[in-house]
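I am attaching a structure below and will ask some questions about it afterwards.
First chain written, first letter: the chains are A, B and C, and each begins at residue 1.
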Amino acid sequence: MELIAYAAFFLTVAMTYAIICLGLNVQWGQTGLFNVGVAGFVGMGAYVSGALTTPETIDRIGGFDLPIVVGWAVAMAAGAVLSLAVGLLTLRMRADYLAITTFGIAVALQLVFQNAESLTGGAFGMAFIPRPFASMQGEAIVFNLANLGVTCAVVLVLYLLLEHLARSPWGRALRAVREDEVAAQALGKNPVFLRLQAFALGGAIMALAGAVQAHFIGFIAPNNYLPMMTFQVWAMLIVGGSGNNRGAILGAVLVWAIWALSAALISELFPAGQQARAASLQIVIIGVMLCIILLWRPQGILPEIRTVSRHLGRRNKDQ
Amino acid sequence: MSALSVEGLKAGYDPDLAIVKSVSFSVDYGEAVCILGPNGAGKSTMIKAIAGLVPILAGSVHLGKKTVAGLPPHALVRQGLGFVPQTDNIFTRLTILENLQIAAQLLPASDRQSRIDAMLDMFPDLGGRPGELAGALSGGQRQMLAAARALLTEPEVLVLDEPSAGLSPKLVGQVFETLRQISDAGVTLVLVEQNVRAALALTGRALVLVDGQLAHDGSTDDLHDNKLLGELFLGHRAKGAPV
Amino acid sequence: MNPQAFIDGLIAGSTIGLGAIGLTLAYSILRFANFTHGDFLAWGAYLTLTVSGLLGGLAAGLGAPVHPFSFGWGLPLALLGGAALTILLALGLDRILFGRLRARGADVIIIVMASFGASMALRSLLEFIFTAKPVYFTNALQIAKPLGLGMRATPDQLLVIGMTAVLVLGLHLLVTRTATGRAMRAVSENPALAGVYGIDVAQIVRITWVIGAGLACIAGVMAGLLVQIRPYMGFDLLLPLFAAAILGGIGSIPGAMLGGLIIGLAEAFTVQIIGAEWRAAVSFIILVLVLMLRPQGLFGRKEA
């Protein structure tokens, strides 16, 4: 019975990561943009939603007591706005400038989360974020299953929406821009505008993931949104299959499973005093795995049906 | 032994799509040969494959006795091949002198300055201001620098990809005059050209490439007959000939 | 305003500048933003520390501080060893990862992604081997000497500034006056043409890694000497490094150094006026300003 409660909890966390991956997939898989600041967008969504929904607190804004759904909606808007700002700044430039700038955004946001106490609670974070099904907290299984249900529902809705978008004229235009920008321009498509839209959509989804996570756990702190998270999400997307929504979800579950398993292994194999140190091995494993996948099977486990592999090298076509 | 010989060459960027399908020819020492053909025939690709810039999928290339297919471009230079690309053929951010110094680096230290001086003498336009950035040169002057750089190491075979492309008629004349001097000095010359008239006037032999294969390999006199050229380039057919 | 911030800024700026030079060279010749560069700094410091420990075990006298500095002859010797090892690390990484991706014709962004993954692995490996606890090259304390105008600096700090100046000058001469430097500039403009000119491009790539990793090691040792050594030291410098390289103009050595100094000074004054917690924001703001106002940087070319 305990196992079911744990499994539900595990899957719920994996699903929130799946949401982030779906958002990242819009930016990377559909549009070819390398966002190295994912954690910042996720954190932005979490804090915005938290600020709007937590009860009154001294020293920090709060007390709006808005419904959870509103928190999530505004979080998405905030993610979109942030993405638009970043995009306007860098989308005309070479791809690695976008990477460096988004990296900087995450660092800067991390500083804000850490230091702007009146907005974010500083190092103490934000507590008492309302959780859906709060009344069921007493019964672990029901509570966890209910949360899993909600999270899965969000993932499903997003998946269907994104698949629909991918097949729509907008999705086709985006793919055209990605494959051959000059030709797309000749056909009247505005590449920068399309990329901006895709980037904003991806950012909004990442912010939503942050909000969902925040309301699931009930408490957030600046340390939740470190480059580590960006790294985990990228590993998930690349391993699962970039350019591919199913791959995004699969990657999230798989890499999260590897993460949890390696954590369990480490706690078994290493004595208590060495735990923190051994935890860094988890990251080494994921990092090496990411590099190996990029070298040997860059299309990931579930390859995209249409080519994203143009990025991955002439001599590396999908089979 | 020929200066350059190519056997069964198959080349292209994509292993599944050979642009040069199967080409064989050889060039004797001191010969001047031009490579003609319609757009998309694969002339540039073939030349670049010989120069080590495009993957060779099958076949062989020899410089004199040495097998050179598959060598990287810088090794080919050391084997005596000089290649002048069509565009982006000089370093605009380096000075004229520096462009030449890079080539001179391949020579023994004692020869370097004299060869640089020789090139600056041969191309007075360059000799006047060696410290200037190569990017400040005009189109024709850039071609001069590109040729000077390639000649500096006294290559056995000099290969040029459309040296007259984009130049005004007067400059085309100057370029071909320079090429004539080079050929007269005994350098083996292989020239890809779109300017058929100038190419035929300079060279004694023409290879015509169509769709990745050689459609003609013979003296340029044969090609002065426009009918043959028409067939090869424009697909004209003699009346009654099979399609 | 306390003029001490000026010295603090110069010192921090020297480290950032040296690291940024390596980064900008790699960027202009290898054409990708290398996220592992920060970790070369950290690995350089740790490898030097390890070699220093080994040397100290062999000859105890090497650890004794040489007046007026806080360290003994062991450290410069260990630095040579550490630099050699860091260079091997960089070359090895290129051989097994970046070089393979390049050979395959992978898009730049994939190589950047791989560098991001490798950087996390390298950093965490350091943490695993050495733990997250900060360590130091020397326990000897140093007295800061007055320089006039209300500024003070320790002999170690002055040495760092001096060494940096010498290194930058040397590098500038290498790049502008030697055949290798010409070849590097050629490869940075057009690698294919460089081959046609007779330049062994693979060799130049190796030389670039050697110079970059070597400088990173020196920068890491400097930072470790003046502050402390910890696994995240390189990563925390990554944003300032990128900002300095972009501010200076990609490919420009004087630009990277100047960019580093500007950022170092800006950080020092920010810490003094606003507070140390916001230090990292300085690089970010400078980066955004450069990208908005003059993306090619101070000495870069317009096509950026």
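As a working rule, a residue touches a chain if its C-beta (ideal position, glycine included) is under 8 Å from a C-beta of that chain, and two chains touch if they have at least 3 such contacts.
Note that the coordinates shown come from a computational prediction; the quantities given were computed from them, not determined experimentally.
A simple rule picks the central chain: find each chain's mean C-alpha point, then take the one closest to the mean of all protein C-alpha atoms, which gives C.
Taking each chain's centre as the mean of its CA atoms, B is the chain most distant from subunit A.
If you average the Cα atoms of subunit B and of subunit C, the two centres end up 44 Å apart. Rounded to a whole number, the gap between the C-alpha centres of subunit A and subunit C is 31 angstrom.
Subunit A and subunit B have centres, each the mean of its CA atoms, that are 53 Å apart. Counting partners per residue, subunit B has no residue that reaches two or more other chains. Within subunit A, the positions touching two or more other chains are listed as 314-315.
Those residues of subunit C lying in contact with subunit A across their complex are 32-33, 35, 97, 100-101, 104-110, 112-114, 116-125, 127-128, 131-132, 231, 235, 238-239, 242-243, 246, 277-278, 280-281, 283-284, 287-288, 291-292, 295, 304. Against subunit C, in their complex, subunit A makes its touches with residues 32, 34, 36, 89-90, 93-97, 99-101, 103-105, 107-108, 111, 114-115, 227-228, 231, 234-235, 238, 276-278, 280-284, 286-288, 290-291, 294-295, 298, 310-316.
By the touch criterion stated above, subunit B contacts subunit C in their complex at residues 51-53, 72-74, 77-78, 83, 85, 88-94, 98-99, 101-103, 105-106, 149, 153. Subunit C makes touch with subunit B in their complex at residues 179, 182-183, 185-186, 189-190, 192-202, 301.
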